[in-house]
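Consider the two complexes below, in which subunit A is the common component and subunit B and subunit C are the respective partners.
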Partner chain A sequence: MITIEAALFATLRTYNPNGESSEPFRVQLPEGSTIENLLKKLNIPPGESKQAFVNNRRQEWDYILQEGERVAIFPPIAGG
Partner chain B sequence: MQEFSEAIKLLAEESISPAGKPYFTISLSSVRSVASQFSCSIKEAEITALKNSIIPERYERSLGTVGGMQGQILLLNSRAAVMGLGGLGGLAAELLARMGVGTLLLIDGDSFSESNLNRQVLATEENLGEKKAEVSRNRINKVNAAVDAIPFAQMATEDNIESLLDGCHVILDCLDNLRTRFLLQETCKKLSIPMIHGAIAQFYGQVSTILPGDQGLNAIYRSFEKGKDNGIEKELGNPATTPALVAAWQVQEAIKLLINKKELLRNRLLFIDTLEGSCETIQLEG
Partner chain C sequence: MKFLRVNMTERTVKEEEVQEKYSKMGGRHLTSCLVADEVPPLCHALGPNNKIVIAPGVVTGTSAPSSGRLSVGGKSPLTGGIKESNAGTPFSQRLGRLGIKAIIIEGLATEGLWMLKVDKDGAELISAENLKGKGMYETADTLFKEYPLKNSSLMGIGPSGEKRMAMAGISFNDPEGRPSRYAGRGGLGAVLGSKGLKAIVVNDAGAPGVSIQNIDLFKQGQKKLVEAIRTHDLTKPGGALNSFGTAILINVLNEVGGLPTRNFSSGQFKGASKTSGESIAEKVKERGGAGMMGHGCHPGCIIRCSNVYPAADGSEIVSCVEYESDWAFGANCEIDDLDTIAKLIYHCNDIGLDTIEAGVTVGLAMEAGVISFGDGNGAIDLLDQIRTGTSLGHILGNGAEFTGKAYGLTRIPTVKRQAMPAYEPRAVKGIGTTYITSPMGADHTAGYTITTEILSVGGQADPLDPKGKVELSKAFQTATAFIDASGYCLFIAFPILDISDGMEGMVETINGVLGTNWTVSDVGRIGMDILSIENDFNAKAGFSKEDDRPPEFMRYEPLPPHNVVFDITDEELDKIWK
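And then the complex of A and B:
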């Protein structure tokens, strides 16, 4: 197992298992887990618009997470 | 030229700043009268005053922020474009004009509609149906006649965007769709012009300063597909407040860039959450 730190921002805060907040929280995942696996574990529906940054770098869903990494998930916003 | 400077010096008056420092100032009516007497623009008269250490009164409170008279001269000699004149751009254009950015290109093909009234400062019950670019030009002319406000009341497209933006020192991305935002970024890279990205949705906003060649939008938005817009604002809308917040921050970045401040939001995305009351700064790939 690996432990990562996740944080959910803006409209996605509602999926924080510790209550609606953007405070980071720890998640345990099997080794080799991807961002997609993390989203599933957090019950974030596939239809929800989102993008993920791992250690401040945007990554795609098939990115394999490593022990201790920080994952921030934001909704895309594009209005003017 | 000598005669022009002398005429300006004669119209200068001594004044005392709120901090108690004496300085020479020139009023708006004196600037107008000397510009008309010498058949030159208000902008030329203001620049000549500043070069002679005379502060046009209208900029007196800005000088501490813009780096004094030299900074104000830089702003008056600058050319900025505002792409999109909705919630973000309508306010951004006015703030740039108040700071004395000398030439403003105002780009938007849309006209005002009722659903704009909740958040777009230029929209009024009287001007519904009027072109945003023209309303913005008229507003800027009333706020600061030193500014050359140039309206372009058509949508920017692949065919016109390069010729439109060539020669600008900075461009504010106040657009409302990803397709044009990416087209703008591509054009800015080609023309070597910095752009200030701003976007909003509901309680949220974001700002980033993108220099030519930076990853910029590619580092911010996931798997962008041409023509497919996927911001959450489509569902959640935008209130009056977040556009004002983000437009102000974009203008501050533009001013900093124009006066050569180094502390820019470059390769960083400022994400503002007014619901939770927090700001996050995400490092982006250069």
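And then the complex of A and C:
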């Protein structure tokens, strides 16, 4: 198993297992898990998330997570 | 359609017919063209030869969605180049409905302080001595008592504009009469101050409305554009902009290491989350009272990204806490308390300041040790010194570069003497290219590559990769110049970049109003024409390719967390307008 840090933003905050928040939390996953596996574990329905950043860089859904990484997940957002 | 020409020296107002040359222009296209035609590029920005041009967009005043924008143009006392500054306000819609294509303000009043009163029967200059030195909130209260909000809108300058400070913006009212919508950038408030014009009140009772050449085409385009805005995830009701406001960007920019922090010395702020759009929405929900998300800056906006931020007791602190202002006083000054940030924005609105220039300037004062980073009350005191015009206040009031030089600093985040907004060029290189090459000086709205670099809308680009960023920035800058001429809010770019029907709809509404036959392929051509006019003015004002450069420290000071410098070469940057 690996432990990663996850954070959910904007409308995805409701899927934070500790209650609606963008505070980071720890998640345990089997080795070789992808970001997509993480979304399933957190019960985030397909299509609700737009982008994921791992250690400050955008990654694809099939990115294989490593021990200790930080994953930030966002729905579609904009501003300016 | 007509121009109103206001001569402050002679104290006269004349109506003029619109020459053929200008008949298809609006917004930025018209302001930049008139400034280039009438203002000597080498004139002193605060002298008798500069002019201020105010122009609603082509479709502004019609029922086209989210189209209540106007442009203010002139020679900038901050940059020394041409300036177009843009705001969303009912003021623009009233001008459009009165058939006023532009107000041109020229000359200098030899005495007194004046305001311009405009209605369907004409316009006149009347004394505004009673408003001398007044903040914008008191100015708005006084004027709306005499000219009720039902039919009237207001434009004005605060004490900073009267004192001719280079960070003075121009205030317009929102639908509820707050003087909170700003054509903030480039110090055009100081130009109005130099001319002795405190305010304009426009009343559109009995106005004829915008003349539309082809109403069927206009309606067809309007329907397509409304559909695109209402269905796109970012702009639909309950979508990101509507629910969280533009400050929803704080967390994502922090996550990618591109949120300028502590006067551009890091790309991440520990307190970011406390200042985020999510936190604003939470406070609005918890505190209730006057607070609201989904506030609109003008009637007819269907995106509604603004907000009203409440105090703990539910009373209103300010409208609105948007991304750039939130960041300027938040991460940039390491202030992590939203209530304090909201108060600082209120002071800027009242004094008449561009929040970006003001926040970056306060950050420089913090770096110089005038006050400490994170000192919110100290920041409020600095703004008060600008208001009252102490010696320090006059240094600060002249902007980031002036202040940085006054204190011997080298980390001065400006291009063409204008302070950088809320995206770090070293970590997000396309927006850096826009800051560096825009004729406006450092301006995110001039070519918002964040769309593909950070938001993955309209394509995807790696923010850290220097490759292709010059082309990307050029494409955004040309399309933006066109949108700035149309009167539409720049945020329609999000849906129309993804939904081609929406793009077509935008062009059809413009063709409907003007009777033109433009296609989507004309957008870039017309945008490029506008940029060429602006670049040509700047060249005559003394600018050269050496002005299209990042501040030197960004070339040698690696930015955490990616520890990168700005690495697009000068040669690459120089290709953009060739």
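Odds and ends about this structure:
Note that in this section the second predicted complex is superposed on the first by the 76 of 80 C-alpha atoms of A that agree within 3 Å, B and C clash if a C-alpha of one lies under 4 Å from a C-alpha of the other, contacts with A are read in each partner's own complex, and residues count from 1 in each chain.
FYI, contacts are C-beta pairs under 8 Å (C-beta built on N, C-alpha and C of every residue); 3 or more make two chains touch, one makes a residue touch a chain.
Every value quoted in this text rests on a predicted model; they were computed, and no experiment measured them.
With the C-alpha superposition on subunit A as described, subunit C and subunit B clash in the combined arrangement. Of the two partner chains, subunit B is the only one that A:49 touches; subunit C does not reach it. Contacts of A:76 after superposition: both subunit B and subunit C are touched.
By the document's definition of touching, both partners, subunit B and subunit C, reach A:22.
Contacts of A:14 after superposition: neither subunit B nor subunit C is touched. In the superposed pair of complexes, A:3 makes contact with neither subunit B nor subunit C. Once the two complexes are laid over each other on the shared chain, residue contacts for A:60 go to subunit B alone; subunit C is not touched. After superposition on chain A, the stretch of subunit C that runs into subunit B among 117-125, 189-197, 333-341 or 369-377 is 189-197.
Taken together, the two structures place residues 9-11, 13, 22, 50-51, 53, 56-58, 72, 74-80 of subunit A in contact with subunit B in one case and with subunit C in the other. Contact residues on subunit A toward subunit B in their complex (touch as defined above): 9-11, 13, 21-22, 49-53, 56-58, 60, 72, 74-80.
If you check the complex, the residues on subunit A that touch subunit C are 7, 9-11, 13, 22-23, 50-51, 53, 56-58, 72, 74-80.
Taken in their complex, subunit C has these residues touching subunit A: 233-235, 239-241, 243-249, 251-252, 255-257, 273, 276-278, 305, 322-323, 444-445, 448, 450-451, 455-457, 460, 462, 464, 490-491, 494, 561-562. By the touch criterion given at the top, residues 84, 86-89, 174-178, 181, 198-206, 219-223, 229-234, 236, 238, 243, 271, 273, 275-276, 278, 280, 282-285 of subunit B touch subunit A in their complex.
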